[in-house]
Amino acid sequence: MKNAHMKPMIRITRKVEFSAAHFYHNPRFSAEENRRIFGKCNNPHGHGHNYVLEVTIAGEPDPETGMVLDLKELKDILQREVVDRMDHRHLNYEVPELAGKIPTCENIASVIFELLEPRITQGKLYRVRLYESADLFADCTADGIGSNGKDAPGSIK
Amino acid sequence: MKNAHMKPMIRITRKVEFSAAHFYHNPRFSAEENRRIFGKCNNPHGHGHNYVLEVTIAGEPDPETGMVLDLKELKDILQREVVDRMDHRHLNYEVPELAGKIPTCENIASVIFELLEPRITQGKLYRVRLYESADLFADCTADGIGSNGKDAPGSIK
Amino acid sequence: MKNAHMKPMIRITRKVEFSAAHFYHNPRFSAEENRRIFGKCNNPHGHGHNYVLEVTIAGEPDPETGMVLDLKELKDILQREVVDRMDHRHLNYEVPELAGKIPTCENIASVIFELLEPRITQGKLYRVRLYESADLFADCTADGIGSNGKDAPGSIK
Amino acid sequence: MKNAHMKPMIRITRKVEFSAAHFYHNPRFSAEENRRIFGKCNNPHGHGHNYVLEVTIAGEPDPETGMVLDLKELKDILQREVVDRMDHRHLNYEVPELAGKIPTCENIASVIFELLEPRITQGKLYRVRLYESADLFADCTADGIGSNGKDAPGSIK
Amino acid sequence: MKNAHMKPMIRITRKVEFSAAHFYHNPRFSAEENRRIFGKCNNPHGHGHNYVLEVTIAGEPDPETGMVLDLKELKDILQREVVDRMDHRHLNYEVPELAGKIPTCENIASVIFELLEPRITQGKLYRVRLYESADLFADCTADGIGSNGKDAPGSIK
Amino acid sequence: MKNAHMKPMIRITRKVEFSAAHFYHNPRFSAEENRRIFGKCNNPHGHGHNYVLEVTIAGEPDPETGMVLDLKELKDILQREVVDRMDHRHLNYEVPELAGKIPTCENIASVIFELLEPRITQGKLYRVRLYESADLFADCTADGIGSNGKDAPGSIK
């Protein structure tokens, strides 16, 4: 019998959206370097995006509820940790967790991963995907790639 | 024969996108009124959107080219009149045509209509549709509704 | 000057979603006719859809707010008149306004138009578009087509 | 009572897709003119698109079925008149109705309108919308605009 | 030379859709618990969704056909195993494989995975993704996570 | 402390589109076999698609720029290696890298992976996803699955 020792792995993903302003500027770079590296994203007046966030939790459905986790609870966590913090905000000025970081899609996704991970108590945070636009998105996962390029023990993908 | 005197009407629509920041604030309102009327859009740090613009031109295809208008020329017009002016910009501070106006979806669509109309020389600008998000968009058309609610003569829909 | 007597017409559209069950059955038809006319939609256990509703209001933006109508108020109206009434409901059994009607996309759109029209007091309800799926949608407008096929006076499109 | 003499107008829209190849070339133009006017669309090897077609029928729902027209019948018409004719075809070589025309989005939409109009016997063909891509689409309607720019009598929009 | 011993892994994904009704109710819970845990999904009249299913097969393309598997055959399998079984059905009453299970997105995805896996004879079923709506989806994969959280030997992701 | 030895893995994905024509034909098959195996894709006039390409790069964001790699450079690479080569082209005749291969979604994705991999010098090419349509896409990854079905050492997913 094929795969007798395995049970299917389930991941459940919920999407939320928020709108925010940002711009890219590194005070350690010269004005010229900032313009060259960040292009029109360096405009200090800022611009903005409709961010789309997909949060994926891995686990086994509870046999009594059929659910990996309580989706209403997940919705509340996403509202509290992400939407209340970032929606209709300027990411350079109003989100302390991003202070000192360039608010790129990569860095915002990492910060959201770190904000959410300790709040997920049923199942395990598997992936945060953040779309800055339909054409650009960043994934943050707990891959835990070590310096030798091998997967860390116990990591899940 | 049905509709013997008519020929089909063609409208061609091109989509472009731009990202911009904005916030809503009317200096003639008190701080409390601004908050009440504009809600979280009143945050003076600004927030932003990926705007999606659909521009529709009505006309008859040229029998030699099969086109209502030269789409490369339309693309250049949209780049010059809209994208160069608004992409990666703060709509409250950097777009003179919006000065003194609340940069709502309605007002931005109107301004874009007025910017584009004199530039469209093949066919006729029929509609500007501006999506602020997937859930909200404004249409601006040359309906020319008169004060009695009737269509103005010669208007097209 | 072109179009000197016209001002642009603005329409603003808001999207909401709801999930509902339904099936098609006309008690005046025989079982065989019901199956033939309604196909698999006749299954009395019901099936369902994620309905997507786009509601369009026509009007002139208020110069002080830049808005055709207060979008928070519109959101409340849509929640109260449509979502609370239809979301997570069985349209054949739980929506009195649909009683005695086949809950087709056409009929649901008409009922929603009639529910919303008296509630819209800023601007004018222009169109209700209801998607039953990405491949099928119905539009209900106040076209007021008379029996001679001509537009009724004062209608807007 | 507002609009006492009107009843709401219903339009129902069905979407189908087809994939086809095409290129643009006018034998009355020089090679240089063809390249200048049609750009990379002039490549004689052809290229292609996933066309998305939305067909809209206007009418009043039948009180017994709740439907403007039988959607299974519409599906059959679209399959026979459009998909069988154009799907997985080269539009320059295999669609007689397009012979001698540049297969632009505008011209294909017109041809589809003319193919479908006589087949729609319940309700009235209101609009054919053809997406060549997410960023470009053409609408063909029976507007019947006369030479004076006024709507022809009896036209519907 | 980097990765000399590897050949790229190919996965091919096909999407199908179906519409179904469901509700959540666990007879081992009290009425109050059912309402608290399942919220409006507990409504016994049922509601419904347009489900979107993405099925992913991993394998190596056949050098003669360029295909991981015969897509027409996959389409037939998806039609027979999923669409015929679930489309325009009530998932609580009409799908024996879901009997005794809460028809959550997670459980339906698992059931579909189990239905499809023995039917895929070219390549290997890699993932079933089921969207209940644009905002919620479940993935079922053959990860075979063991009790120690490590990947089972031979698993692919 | 959970996962003390890991840092989050970031992957950034950029989307581009191109339109191309193709057909399927294997000269080693008889005409009858070609028709049976490839169906309407065997039509020698060709048909076409709007291909959507998502390219994913894995790596760690540079602390000074917040970016896994320079997105403008990635855009240039995608333009040069993919769009310039395939957009508005016939894949059977004009792309040397596909010569002798059936231009299926699987094979095109593989060719793109091989074209891009040596050009990505910041981070590592993780996945190429190619949509032939909204309903069909192929993923090519450097999984490096060995003959025993186990992951090759050092592979990342």
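First chain written, first letter: the chains are A, B, C, D, E and F, and each begins at residue 1.
The working rule: contacts are C-beta pairs under 8 Å (C-beta built on N, C-alpha and C of every residue); 3 or more make two chains touch, one makes a residue touch a chain.
Keep in mind it's a predicted model, so treat the numbers as computed, not measured.
Number of steps on the shortest path from chain B to chain E, with steps defined by chain touch: 2. Under the contact definition stated at the top, the chains bordering both chain D and chain E are C, F. Mean C-alpha positions place chain A and chain E at a centre distance of 25 Å. Here the CA centre of chain C is 42 Å from the CA centre of chain F.
Chain A and chain C have Cα centroids separated by 36 Å. Among the residues of chain B, those in touch with two or more other chains are 134, 157.
By the document's touch criterion, interfaces exist between A-B, A-E, A-F, B-C, B-D, C-D, C-E, D-F, E-F. Within the complex, the chain E residues that touch chain C are 17, 19-22, 40-41, 43, 45-50, 87-90, 93-94, 133-134.
The touching residues of chain E, when paired with chain A in their complex, are 24, 26, 28-29, 37-39, 101-107, 109-110, 113-114, 134-146, 148-152, 155, 157.
Considering their complex, residues 3, 5-16, 56, 61, 64-68, 70-72, 153-154, 156-157 of chain B touch chain D.
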